[in-house]
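Pasting the structures in now, so scroll down.
There are two complexes below, and they share chain A, which is joined by chain B in the first and by chain C in the second.
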Partner chain A sequence: MNQSSFISGADGDDSLYPIAVLIDELRNEDVQLRLNSIKKLSTIALALGVERTRTELLPFLTDTIYDEDEVLLALAEQLGNFTMLVGGPEYVHCLLPPLESLATVEETVVRDKAVESLRKISQEHSPVDLEVHFEPLVKRLASGDWFTSRTSACGLFSVCYPRVSSTVKAEIRQHFRTLCSDDTPMVRRAAASKLGEFAKVLELDYVKSDIISLFTALASDEQDSVRLLAVEACVSIASLLPQEDLETLVMPTLRQAAEDKSWRVRYMVADKFSELQKAVGPEITKNDLVPAFQNLLKDCEAEVRSAAAKKIKEFCENLPEDSRETIIMTHILSCVKELVSDTSQHVKSALASVIMGLSTILGKDNTVEHLLPLFLAQLKDECPEVRLNIISNLDCVNEVIGIRQLSQSLLPAIVELAEDAKWRVRLAIIEYMPLLAGQLGVEFFDEKLNTLCMAWLIDHVYAIREAATCNLMKLVEKFGAEWAQNTIVPKVLGMANDPNYLHRMTTLFCINSLSEACGQDITTKHMLPVVLKMSNDQVANVRFNVAKSLQKIGPVLDSNALQTEVKPVLEKLATDTDMDVKYFAQEAIRVLALA
Partner chain B sequence: MLFNLPVFIHLYERLNSRNDGRCRTSNPIHYVFQTDQSPSSLEPNRASRRAMSSAATTPPSVDKVDGFSRKSVRKAKQKRSQSSSQFRSQGKPIELTPLPLLKDVPAPEQPELFLKKLQQCCTVFDFMDTLSDLKMKEYKRSTLNELVDYVTVSRGYLTEQAYPEVVKMVSYNIFRTLPPSDSNEFDPEEDEPTLEASWPHLQLVYEFFIRFLESQEFQPSIAKKYIDQKFVLQLLELFDSEDPRERDYLKTVLHRIYGKFLGLRAFIRKQINNIFLRFVYETEHFNGVAELLEILGSIINGFALPLKAEHKQFLVKVLIPLHTVRSLSLFHAQLAYCIVQFLEKDPALTEPVIRGLLKFWPKTCSQKEVMYLGELEEILDVIEPTQFVKIQEPLFKQISRCVSSPHFQVAERALYYWNNEYIMSLIEENSSVILPIMFASLYRISKEHWNPAIVALVYNVLKAFMEMNSTLFDELTATYKSDRQREKKKEKEREELWKKLGDLELKRGLRSDGIIPT
Partner chain C sequence: MDEEIDTRKINNSFLRDHNYATEADIISTVEFNPTGELLATGDKGGRVVVFQREQESKNQPHRRGEYNVYSTFQSHEPEFDYLKSLEIEEKINKIRWLPQQNAAYFLLSTNDKTVKLWKVSERDKRPEGYNLKDEEGRIRDPTTITALRILLQPMDLMVEATPRRVFSNAHTYHINSISVNSDYETYMSTDDLRINLWNLEITNRSFNIVDIKPANMEMLTEVITAAEFQPSQCNTFVYSSSKGSIRLCDMRASALCDNHSKLFEEPEDPSNRSFFSEIISSISDVKFSHSGRYLMTRDYLTVKVWDLNMESKPLETYQVHDYLRSKLCSLYENDCIFDKFECVWNGSDSVIMTGSYNNFFRMFDRNTKRDVTLEASRENSKPRAILKPRKVCVGGKRRKDEISVDSLDFSKKILHSAWHPSENIIAVAATNNLYIFQDKVN
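Presenting the complex of A and B:
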């Protein structure tokens, strides 16, 4: 096969790859093979050349689309990148027929992908082609019988609207209006979810005349699943309108949504609160959103309360500076206080993850007087996640009031979490140790926390022991080698004589991670002898971990130690009776180049 | 994030398929709607209702404070219940003025008093606060009880003014936004359902409403002004209730309404369609699917022939895709019943149904595969030989794959088909087509499958085939090896082809400076 025959294949006469062979591949009985072929559709198109791709491959794909959704998904994705393969932008409209059928299938994932590809190739259409080919497709979809095509149409209006003539624009607006009052809720949901996007491409006058009425209608739909999507649209719409129109056009609907009888809608309002706040601006925030936010924080559903609680910090940060402190102190703080003793642990933990952030906003005095008691209460919460969230955000408070204020309460909380019955809780607190150590300082750490860190090394869960060794490494990086030599290394090495082989292995794991941080001197003088001694351990697992450890710490040692001390031991292990020991010893010899 | 918030499932967020699905069998109730007549033969399944309620009163609930322990370890301890998500300001205690008993007033005054009692019962109490309004709660309970008895035995009480009041009272009590599910991902098989806290009142309201609908004096022509599309829509939303007792009452209520209000029938079917489509393609979450399918089973049974296009579309575009849902096991029995009902009505639907099932055949979930095989057998039990011929090829290609499944339950379930006399007779008639499809798998399994029971079953199947068509069998045995070699050769050719194509792409890609997307 030479280059020229490829080209002749591409040109269409006596082709190298008859389309039948390729189509056979696309029709293979095995789904997996079919899927593979579709994923390489661009290769097939390439083999056929642009003309035959247009005249043979695409009609085949359009006509025979009935396959498993997975194959269709791959096809929909491929076609979005096909412009060059059909001959560039002037032919891009050939891709519309297969994508149109894909945009009508039931499976949402396939349909969404087809719409995504259609949106992509719409940009490659010239304005004329857009009106001649693309826009009629959108209309066909918008007036399809089955709901799926109408759903897909909703996503296509906004991409063609800006580039068509004003008559066509009027038609598009009309179609969108029709779909917003479709009698299947699925279509109304699709329209509602695209309302914001569509509003953005409309001229401001039409936003006011068309979009607002659609928005109001969708926001009072009989189905809460439609109403909640209108809340999302509210953010975009509000940011498009001039401030003076917001009060009359948007606020009545937003107020109603914040007090909707369905908790899902209220949840959505809470979830989008920061965006809404930015979109409506400081004045409306002060007058309307503050009371609405208070209500959401006191909502009867925990879901809504926790969504709102998560937004407390952001909400407060974005309040207008002149009245921020007053609003927080007079309106928000009392709600926060109530949430600290909420009945739902999820609400409390959502609060705990942001409450510390308030201290930077309120400053030292207010923090000490008002927030500190709340932090302390949450540190004593019965739910470990609440305590963890507080501890994980200590840095915010540290900046404002210093951690000393908290340390008396912190310690019991940490100790309790460190000994929690659930290993994941223990794991989480271990991960915060380096952070805590940095903030509490070395003295406090040595005095109160060091014992904990050592106790984790002999935890009965491997993941904890592993995390504990990693933690030691980070501590050494923080406090330095000298500190390590005095406080940690002796204890770690002491475990080498433990009757439990798991603890003996922990010594090795610690050495693996500490050697680099401790440096050559400590490693050679203190750690190496212990490792070498352990090569005589009666448990094979310990012995092969000795080999692994030697391999690991080898680079830290000088060549003299390697040759005179490490090499003989590894050579001995390489003749061990256990095959794993042998393997790892040989591996270490190879890596350290000791052979 | 360590723990996940039990945040409601976003509508647009599809959950990944998870392998679950032990089959929970329950018997669909079989009652029939005649298409164009008022169904007097409708019998509610009182027995099943009782069984449901008693099952539900055993202490349920889960302690989910611990997010870490595995589901199987979590044990139910205390009963948990939840009130409906009522969004209203609470505050001062509720006062109702006690009214005399209906039986204590003269008959002419009863209708008036009846209305007053209905109005009182519109007051809804907060049951999460177990201490508030105790006296009034008890008063409402006894009033509701009295109303239930009254509609059952009294005559002449149903004045035209009573209809709107009854519907209003029922609406005030039952229509509410359902509360969020307590667990992040409520798994109806593992998790105990959250029980409705206001059940002591709610149950009586439902009981009253059913008696009202069943009452001999009940006139649909008057009631249809109040029991309208909006009412039905709200009723359907309630099927998502986690409380199985409530769903059971709703089933009977909806059934009555479907039976008595001819004008609402098409609307009800359409809304059920929407619920199912949302369930399949958007949320994968709806608690009342089994109950709605149960009602549909009897609706389908009453369809007139020939079937309308609308009904066929419902079968192909809604019922078949319901098979793809992760929680299929919870409603599979009811779904399969509906499918078979359709096929018994119109055998010509067999082909699209079977092709649909083959299209959605589970790839990784063995339990679901077993359910599919079970349903397929039910379909084959009623299939007409002419229909069988139309789908035998794709069907037996799938069965051949199932038979060679490494999961022995799947293989076993498929091999059981050969114990079914009717299926056997169909296979025998078409052995010249089916045997070549099945042969390779059977031959291979007889030598390779890890499970001796499967090997034994396959051996019997092979023996049956040998007896059916010995010449073909011998031929296939003789050519088995060469066929495999031919397959291998073909496989190699494919690889070659793709390799060449790959080379081509590389060259082109280089030449055109990476215009070609990959």
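Presenting the complex of A and C:
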């Protein structure tokens, strides 16, 4: 008994040393050391004990706000999880002073993190502590001299409001109201962005009396950047109000925003259109949002048109079922038709990424009659991104009308993309090949696309050759080993005699990726002899890739082939004059356990 | 108006003697912060010097208004663009203060290519009582550590400047202006052919809002010389050109503001047309009045005030140094004709000030239409002396106190000046000297 307490005593003394190091490093000149130390803050607190953490560590941390952003950010985050380390919920308010000073620094990420931690620990306050400690802090921040503290306050109202007495509630509402009409746009922006969140915790009567007037004021703020945030708030507010109040309380503001003089505000409306549509419900959508959406699709600013174009599919999907088709056919389709020949390629490409989705909504007949011409037009667009977006979404059309309808135009479009001067475009189309192959079927593929896939193997950009080999593997997985043996393997193996060593290496890369999909039989009979023969290649790069290939296909081969054919060749390569060839041969011998 | 301007000495250490002045000491920009408590200068050596106004003191009431050095830091260093084989000078082209957001101050400074956001802050505490070292800094024996200490102690006030953001790689040509938007969230930087819009918190992306670069550079006839945001409307800005026109753009209308919404231009008087017409009509500076109602532009010989509601001609035109009109030929030969003079408004937009040669600067009272020429020089102005108006005589008989056009010193030019946002305090940069003048106290 005695002895064990002595040992723990000694341990206790020793354990002070690492903590002393951490504490000193909190003040080190090197930022990285300070950062490491701050990340172990909980260890320090644990060693100091709750009492000294409260009386010494926290005051020290409150004063460290001179530090670098990354240190402050880490500190702000740590303090959110510190409740137990200061003695539990009873003492959680001790964390408020350092977080309060962090909530006033100029760096937004730090401030936001401090607010996040404050929101977290607010839940750990008892209702009494919330009123005695937390709420006064919110008030101090809200009436601070600098706008940094006032912006931080905006994010704290909603967490304390539900848990305080009605007199304090009234004060909080008053503070929020004041901040909504603050002199500086930053505070008004912060208030506008928290308006929706605050509205959610307010009693419905106050939503109607307070929030709506604030919302209306913010939505007609002189600063564009404030008005556009009000659009976001519109979504949450609209979903809180009963349907019959929407028309009078929200719609005038929303209509005004959709026609705002500033394109950035209209852009925001377009960007949030689906959410708005859900929040206001089907009736208002039919009467108000459809014409508004039409206008956004015809907006004079390309940024707005492209944001709206991206929402076409979602908007149409969410239209009430009874009138969906009529609305699309009579109101939306004409706008879509215009967008197909828009002057901005961003608009066209945004449209191309969603237009195919309309076919599932409109059904077979409408798709053939109305949408197909648009798909075809976009497939011929001068901008490769537009064509790519169409091709990448072929699956939706395939489900409705089958891809054959498109194949006449599809092929030239694919061929052109396959030969585009930009290698990234070529790369993008290669990635869609397996998908296309699956939809078009093996016959069509062999006839039209096979040559393209083989041509990519000798592209002058490595990334394309690499993607092409990967593509072959996926095709084999789709069409099977037999197809591979008849169509691909002979061509790939033929390249082994190419005068260009890069092409000879491509053969090896293809074999690497195909062997597994093709199975033991084809690999042993057809591929292995070619690989072995290439071990005599005069280019060292080819030879060490032979060693790597053998290592790769080894597991597919039977042990007989390994011992009688692979082993001698690897042993010979292991005595090669080239260092790399030697290394990879030895590596292969080791991995295949042929030694 | 301010003819009884009282001159005051500013910090002596900053008044370097002409003889020792190097090229790097030449002041290239002057700017008060929004409250006027601080004043920043930038120089050709890439340094920024921030001055702070003395607080009111009972013992020395006259010291109120004196500005002393608060912080000095190296904002930009000379660089070399290896791709273009181009030297990038460290010279500070412009400084703009941000509205104050907490106890620290923030300013943007720019050279030809890179804008930087600086934080100027105070520190008055330092860590003390280390655990592993004793008071003399000796490492302690780990076994003697029985208690943990964690302390900060007050210390002498220290002002530090730290670079917070670097906005680079967005300008192919030389940046001539930066301007902070009234949304306090964005600012724009302008070079000869393009204007970019930045978010103050994002350094890796900017948006091009004006691009006047022709497809073929041989078709280039006009460059952008300056640009500024309207002080209260976040969506409005103006830019001036080397052809003497000012374009007002509305950012609400479209993302790219290639189409202006207003064009301010004065038709040229055909009788005055000469070889130099185009050069002297180039606008070197454009400034919105504090009210946002007027624009002021400076060209080589005049300063003009425009009403935003009248595009056809300026409301007022003031001659800065009309006597140089006959000397344009020699000013062309010594390159002075390309000097870029700035102009400033006083706090109430009733007086404007701009610079001239021979360390002269001019003030025009818009209400009384009176004007005055003053001189910023060490020889003629002792600390706390009253500035005497100066006159330049053109030909004929020279009166006492007058100076003849031919004896003007063209190497002493006042290009940069600033006016306190609310009081009658002005800062005038004369090559490597900074003069601060203020209304006579009592």
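Observations on the structure shown:
In this section, the second predicted complex is superposed on the first by the 572 of 595 C-alpha atoms of A that agree within 3 Å, B and C clash if a C-alpha of one lies under 4 Å from a C-alpha of the other, contacts with A are read in each partner's own complex, and residues count from 1 in each chain.
Keep this in mind: a residue touches a chain if its C-beta (ideal position, glycine included) is under 8 Å from a C-beta of that chain, and two chains touch if they have at least 3 such contacts.
Computed from a prediction, not measured in an experiment: that's the story for all the values here.
After superposition onto chain A, the modelled positions of chain B and chain C overlap sterically.
Of the two partner chains placed around the shared chain by superposition, chain C is the only one that A:E56 touches, whereas chain B remains out of contact.
When the two complexes are overlaid on their common chain A, residue A:A191 makes contact with neither chain B nor chain C. In the superposition on chain A, A:A517 makes contact with neither chain B nor chain C.
Of the two partner chains placed by superposition, only chain C is touched by A:R27; chain B is not.
In the superposed model, more residues of chain A are touched by B than by the other of chain B and chain C. After overlaying the two complexes on the shared chain, residue contacts for A:L276 are found with neither chain B nor chain C. In the superposition on chain A, A:L48 makes contact with chain C only, not with chain B.
Look at A:L394: by the touch rule set out above, it reaches neither chain B nor chain C. When the two complexes are overlaid on their common chain A, residue A:V105 makes contact with chain C while staying clear of chain B. Contacts of A:A233 after superposition: neither chain B nor chain C is touched.
For the superposition on chain A, the stretches of chain B under consideration are 97-105, 133-141 or 349-357; the one running into chain C is 349-357.
Once both structures are placed on chain A, chain A residues 17, 21, 47, 106-108, 146-147, 184-186, 189, 222, 224-225, 260-264, 300-303 are touched by chain B and, in the other complex, by chain C. Contact residues on chain A toward chain C in their complex (touch as defined above): 13, 16-17, 19-21, 23-24, 26-27, 47-48, 52, 56-57, 60, 63-64, 66, 104-108, 146-149, 184-186, 189, 222-225, 260-264, 300-303. Interface residues of chain B, counted against chain A in their complex, comprise 2-3, 5-8, 11-12, 14, 65-68, 85-87, 177, 179-180, 230, 233, 274, 277-278, 281-282, 317, 321, 359, 397, 494, 497-498, 500-502, 504-505, 507-508, 515-518. The part of chain A that touches chain B in the complex is made up of residues 1, 3, 6, 17, 21, 25, 29, 33, 40, 42-44, 46-47, 68, 81-82, 84-85, 106-109, 146-147, 184-186, 189, 193, 222, 224-225, 228-229, 259-264, 266-267, 300-303, 306-307, 345-346, 349-350, 383, 385, 388, 422, 424-425, 428. Interface of chain C with chain A (complex): residues 99-104, 106, 119, 121, 123, 125, 127, 130-133, 142-143, 145-146, 148-152, 164, 182-185, 201, 232-235, 251-255.
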